[in-house]
Amino acid sequence: MTVGGGSVLGIPPSSEGYVLEARGLTKRYGSVIANKEVQFGVRRGEIVALLGENGAGKTTLMNMLFGMTAPDAGSVLIDGGPVRLQSPRDALALGIGMVHQHFMLVPPFTVAENIALGVEPSRRGILDLSDLEAQITALGRRFGIDIDPRALVKDLSVGQQQRVEIIKALYRGARVLILDEPTAVLTPQEADDLFKVLRGLAHEGTGIVFISHKLREVLDVAHRIVVMRRGAVAGEVLPRDATPESLASLMVGRDVLLRVEKAPSVPGNPVIVVRELVVNDDRRVRAVDGVSLSVRTGEIVGVAGVQGNGQTELVEAITGLRATQSGSLHLGERDLTRATVRERTDAGLAHIPEDRQRHGLVLPFTVAQNMILNRYYRLPFSRWMVMQAKAMRDQARDLVGRFDVRPANPEARVGSLSGGNKQKVIIARELSRDVRALVASQPTRGVDVGSVVFIHGALIAARDAGAAVLLVSAELDELLAVSDRILVMFRGRIVGEVEAATATREEIGLLMAGGVGRVIVPATN
Amino acid sequence: MRTRRNLLFGLAALPILAACGGEAAPAAPAAKAEPTKAPAAPAPAAPTTAPAAAAAPTKAPEPTVAAKVLKVGLVTDVGKVDDKSFNESAWNGAKAGAAAIKGESKYVETRDPNDYKKNIQQFVSEKYDVIVTVGFLLGDATIEAAKANPTIKFIGVDQFQEKPVENLAGLIFEEDKAGFMVGVLSALVSKSGKVGAVLATDVVPPVWRFGEGFRAGVKFAKADADLQIVYHSDVGPEKTFDDPEWGKATALSMADKGVDVIFGAGGKTGNGALYGVAERKDKGVLAIGVDTDQYLTVPEAKAVLLSSGMKIIDQGVSDLIKAVSDGKFKGGNVNGKVGLAPFHDLDSKVSAEIKTKLETIRKDLDAGTLKTNVKPAKG
Amino acid sequence: MTQAVRARLIGGLIPSLAIVTALLIGGVIIWASGPRIDGPWFGIWFVVEAYQALIEGAFGSRAATIDTVLRMVPYVFTGLAVMVGFRGGMFNIGAEGQLAVGALASAWVGFTVTSLPLVIHLPLVLLTGCLAGAIWGGIAGLLKARTGAHEVITTIMLNYVGGQLAAYLLNGVLRDRSPLNVIAQTPKVAETARLPDLVPGLHSGVILVIGVAVLVWFVLWKTTTGFELRMVGINPDAASYAGVNVVRRMTWAMGVSGMLAGLAGAVQVAGVNYRSTLGFNVGYGFDSIAIALLGRNTVSGVVLSSILFAALRTGATKLQFRTQISTDIISVIQALVLLMIAADQIIRWIYRIGPAQTEADPVAASTAPVADSESGR
Amino acid sequence: MTRGRFAFIIGCIGLLIGGAEVLRSPDVSASIVAASMLATMLRFATPLTLGALAGLLCERSGVANIAIEGMMLSAAFGAFLGAAVTKSLLIGVLAGMAVGVAMATLHAWLSVSLRVDQIVSGTVINIMAAGITGFLSTEVVRRQALVGAGLLPALRIPVLADLPVVGPVFQQQPIAWMALLLVPLTHLVIFHTPWGLRLRSVGELPRAAHAAGISVIRTRYTAVMIGGAIAGIGGAYFTLESVPAFEPLMTNGRGFIALAALIFGGWTPAGAWAASLLFGAANALHINAQQFGIPVPAQIVGMFPYLLTIVILAGVIGRVSPPAAVGTPYEAD
């Protein structure tokens, strides 16, 4: 472990002065070690970034520090003294606040009610929120957070909800604030605002733990960076000593080939043709607002954008999981706007879903069964509606080998596979048939690096075989490496298009933030 | 015979007693209600104190030697043998009859109308000599069993025999006559001129005959009387007789509108009506019970219970069992006795004039000079 | 694969242990309500005698066995009904109501139609029962799929609506108008609408129930329809991703569930009662849930559980006859069995069996009533 | 929701007044009919209200409760037994509550601690309650020849109880009063106390509650057990206030009507109460119609609460939705 020499902003280099410290924390889930003897600490007024890939064990560590999960070994120290955190209540009492990745706000409650939860002010047993509401407004003013205490949380935007979470922690007198992936749902501008707030908090003496897997923002905001890999601390560096490349290699344990080897694309005729598509989200709010795009054979079109700008709904509409309000979708010459999922599948559309556990797999089913989810109703897998077990087994045995699924047992339950192997099952299923078009949504989220390389290769192979590929990803690097063209979505619209070969992160980042100063490029047809 | 039931009782009462924070001494009240006492049982929770005393009500007969012991079996209608109503009456009759001829008696309770046949078969296969089936609804099953087992004597309570079977006696009652007399009594006693009846169901003929007899009686005694008759037709036989809350609510609703004599008939539902009337004691509302003398079976209503329209099932059953023993048993319909129960505490409410009139009517009904004009069942 | 074998062994062991434990506790209750004769052994003989009577009453004679089998038939149908619902992700509490409307409809066709030969009339009667049950169950499925109205609540409510509807019709248009009939029931169905006896007293519905059980097994585990149904039951999102019409499949699951319950009613009409009587459906709703759960939502499990429940109910009469204690003891035992099946931690704790294998994924190890075993037999 | 509740109450009043108008006869004035119907409505509404409040507390904490019927039935038995043994009606009520709490604790243990499916747990309790009360009523009550200790006397408010039409409102038995009292009290507790806020948060988003330092498990236990106590009072109504005896299965499905009322009232105390009144009014109308010889098919009236519940759940008129976390066991990890 490297401890950065010297001091930044007057912070002592040693482990002296930690407000909150983890010492040798270990946590197992069954046979999986989520955290292994983790050492970690944060001082007063310090912003520490906890960097790591999905699945590196960051959230588990934070849950232990916040008393939501009990460690199997090791201890948590506050102001140098060991404490036993049996529940978040204990953590809160000791001045630890947490802003979770999934907000812990009750949607039908007001802001004030949410903040009051657990420390309810009352007068003769009756809830009395009037003082609290005044305090919320005051706190908000102090930290530049504008929030109406009487608004219902379900009516607030994601960014606003996050501020409610921060105020909630501050109201409880948090000396240490843990933020779990706070920027995942924010636009770059919102993220900048958040960083301002965080710097202000740190200035006032709050210790901040900032969990992220985004290299740039970590370098931007942190005073100190702790990198986790496979449940253990892989290293600790100061921002001025680090580059994105050095952090990335610490994160993944080896130098990542961010440049994916691929031949230049040879685009043919348009296959996926979307015109003026309008789609509503679950709350019946317009999420996709007149998107037009086309993907040709032999090319990979990436879709960039901050999470929650309509990408999910766009993919669901194209693949038939979500109804469209207006607009059209063609696959080649065929109008699929009103087609069922099955008709789209039969027309040659493949789909790697964003949430593989939820959409892509039936976990208690076997690998073999999961490998035919998109064709079980056809020969040779069923005849006169009767399933043909042998055909299913034969194909599974073949695919397990070809796509390197481990364990190579077609009868294993998919639920027992690792994330990467689960994703391989999906990819094997989707790409092992005639595919005219492939829609891949976050295909490498939460999978190990080896699988990432494999998946990228598979996408490019599909392209080279003549498929039109639409790739939606939150990872700019992935988009830049794999795509041929990149479309940027903002608030349900396509706000720009760039050539992947020539585009820069900054350019795309600007577009993601709302396309400032840039003419919206109409999608090519 | 000593029983361990008090132990079970102790277990059941334990949480309650515990919940009362020991306010009630566990042993005393339980012992009071306990008919048969075992010597102090080792189980600490068992409130057993008193020495063995009186015999259990369900005393098993001493196994007698030599002489053939007649075995009497009874199958209830859906419900329990202790329903304070016709099942209980019939069971009391069966016990009494069996005791009188030094036989033994057992019962099987029906919980599903599909089981009538099977429950009867239970006694058949155990070679019982007399099988009593209680209730109109067992009619078909009883006839079938009787035909199949000519050596066994059957007694069908409330079962009218269309075509007599030699070994099956249908113990039937002219409920319409009892209802008629109740109706006359109600009409004559009522001060407000409003009388009512709360009846479990109109689909079971004996209950229906009670109700319609009541109607005829009221009209006979006082043509302009305001008459309210409510039948509780609910989902199936297992509920219609077992809804005392409904019976009570209905009776109260009547009482609130000035009805001052209420006839409640039909299992628990009818009993509910009596409870309801008891709550309007201060308003001078009177109740009339059914089947047995309910002064004895529903003590809560003593204060308001004017009389009961009785069908004396227990005696009817008991007599038929004795007839079997004496070799005088004959198939076909046997009319049981019906009549009015004593007025007990409320005797003063019934003037001598009314009593005379009731007596006349009873005679006329028996003689057939007065007819209730009630059909055997709702058409 | 020894782990899988072990898991399967324990999977079969737990229901057996639950039954044994429930019977033991039931024995204690029987003992406590029995006559006391000095010395503990004699007290225990009372329990032995009680259970002996129970077994004799259920299987002790040809007639008893036939009775048990007859009682098993509707249990298997309704148990399968609940199971199909569970497998499709739907909790059908409405077997009772579906059975009632099935019986009503089949009886109606049974007594109004009189001029058809048996080969046409009988199937028609059974199919009508199926159809009525399917509609009754399908309503709940459709409401769930279209509006999200929870099927537990709607099926409970439909039970009562069905019961009231039956009462209304049986007291009204469907009532037997013959002067001899006085209760709320239909006329007897025509001879051509009755299931012929296999042997005297045992109607051929037994063959039908075996056939239907095999068919349900085949459809659920060997056809695309069953594949889709189970997919919807485990993960409706994945199912819709795979191109399954989830709304249709959910409605279908509840429809088939209701159909099986309706068939139970129809078979009771055509094979046992020859008419529909008010109130005979009561109790099947909850019993069928217990049977499906005890049978771990597998076909063979449902059949075995049905035999057990049927035997308990059939034997109860003899148990009461011998001991003169209340037959409600059977309900207590059934509730205990269900309790220990639902919370198998109790059994695992009593018998020191290790905790259930926790899969790496939480979905597979979910506490949903769908059995952990995906195998259908 | 408020508008909906308003509509229910207006519906009840409309039913009563309309009924009274129709049923008025030359010698029974409309006001007497109305008063009588009001009394009947309140009587029917009492166990429904209590049952619905019991279910409400439970479901608001995220634990589905289809076992109101079983809890009330066993409490009815417990109350009877307690009163019969001690000859004290008060102890009877307490015993009923204790049994209600015991059944509720079983429900909580199964569904909260052991994370058994909540519907299955409810089914267990319903079956068990029917079996055990049936068994004990035979084996204990009959064998011991226990008789009830009578009924709770009506408490009347002088003067007000003599008013025309509304008189019956001011002359009710203690449990009926308690039901009326519990409606605003439950509302106050759920919507205006710290514990109520916690309860609702646990029922809506338990992980948020957990993160705020609230014990989801303990809150659910408490809610389910208080619900059990209320169901216990509701059960005591049957044996200590309605009729002085216990009969097997005497709750006759009213626990399920209470569930319907709870849903129909949109999981709010006032709504549940209004729905109970509405169902009570339907019953009152039916009984009175029969008394006056107007043939209203009992079964059609009987269907009414259930059909209404299905309709409202399907969102045909004014959609309601349950607390978001109902039915999901909470796992801290």
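We just call them A, B, C and D in the order they show up, numbering each chain from 1.
Following the convention adopted for this analysis, a contact is a pair of C-beta atoms (placed from the backbone, for glycine too) under 8 Å apart; a residue touches a chain by one contact, two chains touch by 3 or more.
For clarity, every value in this text was computed on a predicted model and none was experimentally measured.
A.B. asks: Decide which interface, B-D or A-D, involves more C-beta pairs in contact, and give its chain pair.
C.D. replies: B-D
A.B. asks: Nearest whole angstrom, what separates the Cα centre of chain A from the Cα centre of chain B?
C.D. replies: Each chain reduced to its C-alpha mean, chain A and chain B end up 74 Å apart.
A.B. asks: Give, as an integer number of Å, the spacing between the C-alpha centres of chain D and chain A.
C.D. replies: 47
A.B. asks: Could you please state the distance in Å, as a whole number, between where the Cα atoms of chain B are centred and where those of chain D are centred?
C.D. replies: A distance of 32 Å separates the two centres.
A.B. asks: Can you compute the centre-to-centre distance for chain C and chain D, using the mean CA position of each chain? Integer Å is fine.
C.D. replies: 29
A.B. asks: Out of chain D, which residues touch more than one other chain, so two or more?
C.D. replies: In chain D, residues 138-139, 248, 298-299, 302 touch at least two other chains, as defined above.
A.B. asks: Hunt down the residues of chain B that sit against at least two other chains at once, touch-wise.
C.D. replies: 3, 5, 8, 80, 233-235, 238-239
A.B. asks: Run through the chains and report each pair that touches.
C.D. replies: A-C, A-D, B-C, B-D, C-D
A.B. asks: Provide the residue numbers of chain B that touch chain D in the complex, in ascending order.
C.D. replies: Touching chain D: residues 3, 5-6, 8-9, 12-13, 15-20, 23-24, 29-30, 33-35, 57, 80, 82, 196, 226, 228, 230-235, 238-239, 242-245, 248-250, 252-254, 256-258, 268, 271-272, 275, 279, 299-300 of chain B.
A.B. asks: For chain A, which residues count as touching chain D in their complex?
C.D. replies: 66, 68-69, 87-93, 98, 100, 102-109, 113-114, 116-120, 122, 125-127
A.B. asks: Contact residues on chain B for chain C in the complex?
C.D. replies: 1-5, 7-8, 11, 38, 41, 58, 73, 80, 106-109, 111-115, 118-119, 121-123, 125-126, 136-137, 162, 203-205, 208, 233-239, 377-379
A.B. asks: Provide the residue numbers of chain A that touch chain C in the complex, in ascending order.
C.D. replies: Where chain A meets chain C, its residues are 30-32, 319-321, 340-342, 344-345, 351, 353, 355, 357-366, 369, 373-374, 376-377, 382, 385-387, 413, 415-417.
A.B. asks: So in the complex, which bits of chain D are touching chain B?
C.D. replies: 27-28, 32-33, 35-37, 39-40, 43-44, 78, 81-82, 84-88, 91, 94-95, 97-99, 102, 136-140, 142-148, 150-151, 154, 168, 238, 242-245, 247-250, 252, 283-284, 287-288, 290-293, 298-299, 302
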